[in-house]
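Labels for the chains are A, B, C and D, by order of writing; each one numbers its residues from 1.
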Amino acid sequence: MIEIVYFAWVRERIGLPRERIETGAATVADLVEELRGREERYAAAFSDVSALRVALDQELSEFEASLSGVREVAFFPPMTGG
Amino acid sequence: MIEIVYFAWVRERIGLPRERIETGAATVADLVEELRGREERYAAAFSDVSALRVALDQELSEFEASLSGVREVAFFPPMTGG
Amino acid sequence: MKISVQEGPFDAGAELDAFSHGRHEVGAVVSFTGIVRDREGGLVAMEIEHYPGMTEKAIAKIAEKARARWDLADILVIHRFGSLPLGQPIMMVATAAAHRRAAFEAAEYLMDYLKSRAPFWKKEVTRSGEHWVEATPEDEDALSRW
Amino acid sequence: MKISVQEGPFDAGAELDAFSHGRHEVGAVVSFTGIVRDREGGLVAMEIEHYPGMTEKAIAKIAEKARARWDLADILVIHRFGSLPLGQPIMMVATAAAHRRAAFEAAEYLMDYLKSRAPFWKKEVTRSGEHWVEATPEDEDALSRW
């Protein structure tokens, strides 16, 4: 089981802030592929991965990163703080 | 008649903050020569002109500048504001 | 070092005074305050979303990097989330150092990294609708200075 | 624009709040506060001499140059003279702009020029005697950035 968290327009497109899923995905990219195949709203949120950022257990990471041992994956657009 | 104003250690070496003098000096450099010849305390204050700055009528200027029409000459060390 | 991620407002002046007070080794304090600005006209409010848990860690990491790079006596970071009206402070950073160059550079560094490496997202609520503020290439380019 | 050359103390926080308040076109406010620092140990006070009349004009000229160079909504400069105890604010500048880069750069510019082009002279009064603070080559070099 892995916790997936969405922020900003990713959250709005998918329609929920977080969910727990069972997945066999080895990497973030695999997980994105799996989610894309689920429903139209996921396909819309993940249509352009270059417009997204990912954090693994609350650390910025890369789409090629392994999910081994990861408990929380977050997807969001580039940050706009400050 | 011209007003001469001194600041910081220039003022301390000469021993007064301002004075009015009658001078025929054409430039700041001429005025400095004239003052140097007056007394030891002036010679001490003006011994190294590269350590001094000059303002004419409250505008930073140069030692080669003309005194024509100038009412107030100020001598002081490099500024240390901020 | 004080880092605060908060929903409520803060008083930038009172924070600056508290931050500057009683420092005998500090010659320079630099502060930055970010304010809700009406960029295109018609702005009603700014909504700021963040990633609780990650936000505090990300800011602490940025602050630690600044401390490793400059000789700083202290750092302050306050960042709000939630709905903020026009003209209100969104966030502030302050840096204290013996010398002004270190204080200025560290404050700019903190701002550049907070802007695109701390998990905040801004949405502008205007009279004609809502939209997420997009990150700009300049924000990313700003990091290449450091 | 507010420029104040004054003997009495000022409250940097209150000044920052007043300067930042009610600006809808401003996204960024940067402030710098200079504080009396004990550089070598034993400092009792800092005495600041200035050139009344020229000081205000020199600061106004520096501020005008900053306004010509950056898109600024406002500038604040406060500089004290007289005898200041350890830890007290000597001076502050603040800049307000739409964007943070302009606010930061203009504040640094103002500081660099105030440091060596406004007629102030600092004397340190220490337990072992008094001496005039000397201008450093770095202060002069700082101007070459602009």
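Basically, contacts are C-beta pairs under 8 Å (C-beta built on N, C-alpha and C of every residue); 3 or more make two chains touch, one makes a residue touch a chain.
This is a predicted model, so every value here is computed, not measured.
J.: Which interface, named by its two chains, has the most contact pairs?
T.: Highest contact count among chain pairs: C-D.
J.: As a quick test, compute the distance in whole Å between the mean CA positions of chain B and chain D.
T.: Each chain reduced to its C-alpha mean, chain B and chain D end up 26 Å apart.
J.: Return the distance between the CA-based centres of chain C and chain D, expressed in whole Å.
T.: Each chain reduced to its C-alpha mean, chain C and chain D end up 23 Å apart.
J.: Mind checking the centre-to-centre distance between chain A and chain D? Centres are C-alpha means, answer in whole Å.
T.: Using C-alpha averages as centres, the distance is 48 Å.
J.: Among the residues of chain A, which are close enough to touch at least two other chains?
T.: 82
J.: Got the chain D residues that touch at least 2 other chains?
T.: Only 34, 100, 111 qualify.
J.: Between which chains is there touch?
T.: Applying the touch criterion to every chain pair yields A-C, B-D, C-D.
J.: Can you check the complex and tell me which residues of chain C touch chain A?
T.: Chain C residues touching chain A: 34, 49-51, 53-54, 57-58, 79, 90-91, 111, 114-123, 132-135, 139-140.
J.: Considering only the defined contacts, which chain A positions touch chain C in the complex?
T.: Within the complex, chain A touches chain C at residues 5, 7-9, 11, 55, 58-60, 74, 76-82.
J.: Flag every residue of chain C that touches chain D in the complex, lowest number first.
T.: Per the stated touch rule, the residues are 11-17, 20-39, 86-87, 89, 98, 100-101, 103-104, 107-108, 111, 142.
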